[in-house]
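Next up is a structure, given as structure tokens.
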């Protein structure tokens, strides 16, 4: 387990940094894919197998493919994005470091639970998930489920409307 | 007395106005004219019946122990303000209102009849008669007013009908501006009237004439049952004063200011000469006989109140005396015959004013009051006669100026004779009516103070002079070239009123006027002071006429020489002592250019500019901060992050400290 | 060595900061969108992990992540549709160029 | 709910909206507009008669025909309706002007349907304002009346219409911002958990210090609409650019909302502050009266003249209200009626003249009396009403105001009363100036000689207004008594009257 964790953590850190630093946008998308896979593995480690599955299917399978398509549609292959100015980079680093600093400080000083270990968890099957999704009682998520459905519908219509040739 | 006749007196002319005004355009000239004449004729008969009933019936409601009373025929609430302060529309009968009823309806009837001829074929004939009816209605309502506010209402209405009639020839710019001038000047005077009414009514709590004057009447006689000591006390306004004069004085002077406007006293006289732009019969009716004496009537109506304040009476006397002299001097130099008559009217009304101003109960039982009313009566008759005569002349020669006339006695005998009678009457030659009334006025003046008497005698002399100057210049002098269209006497509807009024002017002086009209209702027996007053004034008048005869009977260079010799004075008088120019300067240069225009500019540029400026500031501000909303997501994130980190930092600082 | 909660949070924090850096510095809209996905995923990881470690008996964090993924998918699809549309008009995908939408 | 007659003042316009929405041509639109306004006129006439009957029978509640329907219980906001003599007078005025306004827009172009829709919506606001006695709904209706104005001027106006519409709306909105603050302040400080005017007035529980703060805001808020100096500048521009019917409704009715509101909210609810602070506003309104009149003297655009004259006349309304006595307030309400009618008449006539000559500059016209005698005579009557000729409405209103104002013995009030009296002269000056230049004299432009006189719908519109003006002028006591049935003693409790 520890080994698994180390690999995943390193993958996340390394590929995240690569994603935002590479100058080739297609590579950026590829590194993102790896990061997403790593995240999926974390979900599996957390015993949320379905979530991990969804992560792989939707993100890795769907979104990244979309990215790739759009990149291919909008940029000529092999071209670099323009070089970033130093000022821009330094401001970005400053902002990221500050955020990391403040959040990290808050995390370390304000939370007692960060050193908690993983407790045991009852089995959570697909059936449970399905029932939770469609129930209206406590711990039921019918309303958000429906809302998301409507949202998705709207997005579909929106996407069609935007992309349609005039 | 049954109220039906008084109601008809008021309603018939109003009805006439409405009928002629609304249906007039559909009527023929003849129908409209005769409808007007018949309507006013009926009113005249009714007014005579009323006056005769009042004066001669001897009924106890009209006369008690030989004293004539005020009698309210009806009094309908019209608008209630608070407590008892109510405007009522009513009908008050007393000696002066009965007198005025007779005067107004008589003159009005004459003018209606006369206009049949004079206005024949004019465009807007029906409109003319409608306005005449409106005027008659308003004037009748004014004189029978039971309260001061009713008087004010009809006061405004006569002003409006005068405006309409002066501007009858509305396509003539001079008529339009003259009518405007007349309305605005009298309106300005009415402002004083209104404020006076406000002061008076607030402190006395009433508008009613019977309440306002009744209690004072009681001082002289014990017949009036309206004595309320509270009224007497409130009349003095508890000794309150403003700028050294008691409030009552102020109220009375302000009310008199209204009278000054309507009666064309100096310095509010400027509208009357210009008002001659209207048709001549209108000048005869409104601007000679009836409306212009409304000021005199107003003072007479409130006379008991004026008696309480010497100062107010003195003011009236002074204004009247100055005006009388001024107008007489100006009348000597005018070319337009209607303007001569207009100034003569101003001068004669000033006579009445002076007469009221010098009247005191202790001097011959208020002789001045009686004299004033007497003169009002006689003057209305002979001045209307003169104006109508002038109308006939203008009708004949189509010009207002005497330069276009001369030697007309041969062509227009009726006009000549009647005009001469009018001149003799106004000059004060016995036995014509003017002599008697003027004589009473002069006696009243002499009794009050010798200065007033002497001054007014002089003015009377001037009167005789300018009237005969006019007479000679029209009927004698030199005959201009009339061309093949010789002037001739007017048709019978025009001549009839002339003859009638001339007859009245001959005999009216013998009416024992004091028996009917006195300030307190008790009869006064007129006796002429031959030695002290009458003979000297006749002598003065005759001398003045002789002078006029000498100068103007035949064409000669003397008048021009006199004019040259007097130089500046003559020019100034010819230009009416530049009053119009002064007014022009005040209204145009000062009020229009220095008040109205700057205010309008101030409004557009300062006030509105401030509002626009606020809008401009808001716009500038939004333009300034608009780049913040750049549409660049990354800059938003920076700002957001800055805020979030700041919050985190603050939290950290709070925790750490 | 037991894996503590913190050990999951630190990588996700780094991931989030990377996303932030990328979002702030990149001009290409697709690259920005990719950075956005990074941040979103960091948050998702936090939700899931904290849910699992501290409240193992309830499922809010997990479900929330599930929804977030759904929304992210929708959002991305729409964003990409807009970007492509924009590209058709301007032939550019840089944010500086896309200011014509402003009034 | 529908058993209360007052609610129909809102229901009928709503039905009219529907009818106009469904109608397909000009004739149908006209039919609906005229029928609806006639129904409203009938309703208000019936209300007048019935109200007087009830009062004569001894009904002594401050407001009759009361009705309450809760809207929003947490804040206790209700649709409360009720009328007294003043409201009835205002309702009557509004319905007359709506009717004549419909006639005046007989040939409105373009978009007649939309025009009437907005116009009727505006009238919903007006009627709603006059019937409601709940501060919140009152304010809501007030806003409903304001917004359509923007579109009506902006779309159907003439000249610099966008600028004027914007200016008018922004200034009035600025006023209503003050107003809303003050209404909320009243609600919280009265401490009754009620928006009802009557309850708040009866309890008189607003703290005096707060009154001193809230009264000016309420008075200025409504005063902006009442064209109080120095917040009047929307009026000349707005009126000059607005289409005829809108000018009529705006000057005739909407400006009256200002005076009505000042009376009903500012003074009725906060008498203490009214007494203490009246002098400030007395000076401002006194200035309005004279200032508007002087400004009108030099204008050359007919509508500007009339707009400034409205500033002067409406200033007189507020001036009289501030005198805080029954006579002056009666006069103020009569002045509202009178000014509403005659200014509507003016604007109608100006619209008709403009429609023919295509100019409103008095220097470009002259001698219209010869060309279009009917319109010219009507204009003259309107002018006479405006300058206060007895027998027409202006006179009685002004005289009541002056007599009432003079009742107030403070030196300042006296001085300003006399200054205000001066306006009768200045009014005469500018009215006669216009009459002289526009109607009388020789014909200025030869092309004008071909123009025609009024059509039948124009005649209907003007004759109706003239009859009303003359009715008030000839039988003022009827209206004065109607208004006086209103003044319940408790208003003046605090003023010591």
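For clarity, chains are labelled A, B, C and D in written order, and residue numbers in each chain start from 1.
Heads up, the rule we're going with is that contacts are C-beta pairs under 8 Å (C-beta built on N, C-alpha and C of every residue); 3 or more make two chains touch, one makes a residue touch a chain.
Keep in mind that this is a model prediction, so the values were computed, not measured.
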Remotest chain, subunit D as reference, centres from CA atoms: A
Pair sharing more residue contacts (C-beta pairs) when B-C is set against A-C: A-C
Whole-Å gap between the CA centroids of subunit B and subunit C: 94
Separation of mean Cα positions, subunit D and subunit A [Å, integer]: 65
Centre distance in Å when subunit C and subunit D are each reduced to the mean of their C-alpha atoms: 60
Whole-Å gap separating subunit A and subunit C, where each centre is the average of the chain's CA atoms: 6
Interface hub residues of subunit A, defined as touching at least two other chains: 91, 95, 99, 103
For subunit C, residues that touch 2 or more chains besides their own: 20, 24
In subunit B, residues with contacts to at least two other chains: 638, 641
Category of the chain touch graph - line, ring, star, complete, other: other
Residue numbers on subunit C that touch subunit A, as the complex places them: 1-22, 24-28, 30-31, 33-35, 37-38, 41, 44-45, 48-49, 52-54, 56-59, 62-63, 65-67, 69-78, 80-85, 87, 93
Subunit C-touching residues of subunit B, taken from the complex the two chains share: 631-634, 637-638, 641
Touching residues (chain side subunit B, partner subunit A) in the complex: 638, 641, 645, 648-649, 651-652, 655
Subunit A to subunit B touching residues, read off their complex: 91, 95, 98-99, 102-103, 105-106, 109-110
Subunit B-touching residues of subunit D, taken from the complex the two chains share: 167, 170-171, 229-230, 232-234, 237, 291, 294-295, 297-299, 325-327, 367, 369-370, 384, 387-391, 395-396, 399-400, 402-404, 406-407, 417-418, 421-422, 424-425, 428-429, 432-433, 436, 439-442, 476-477, 480-481
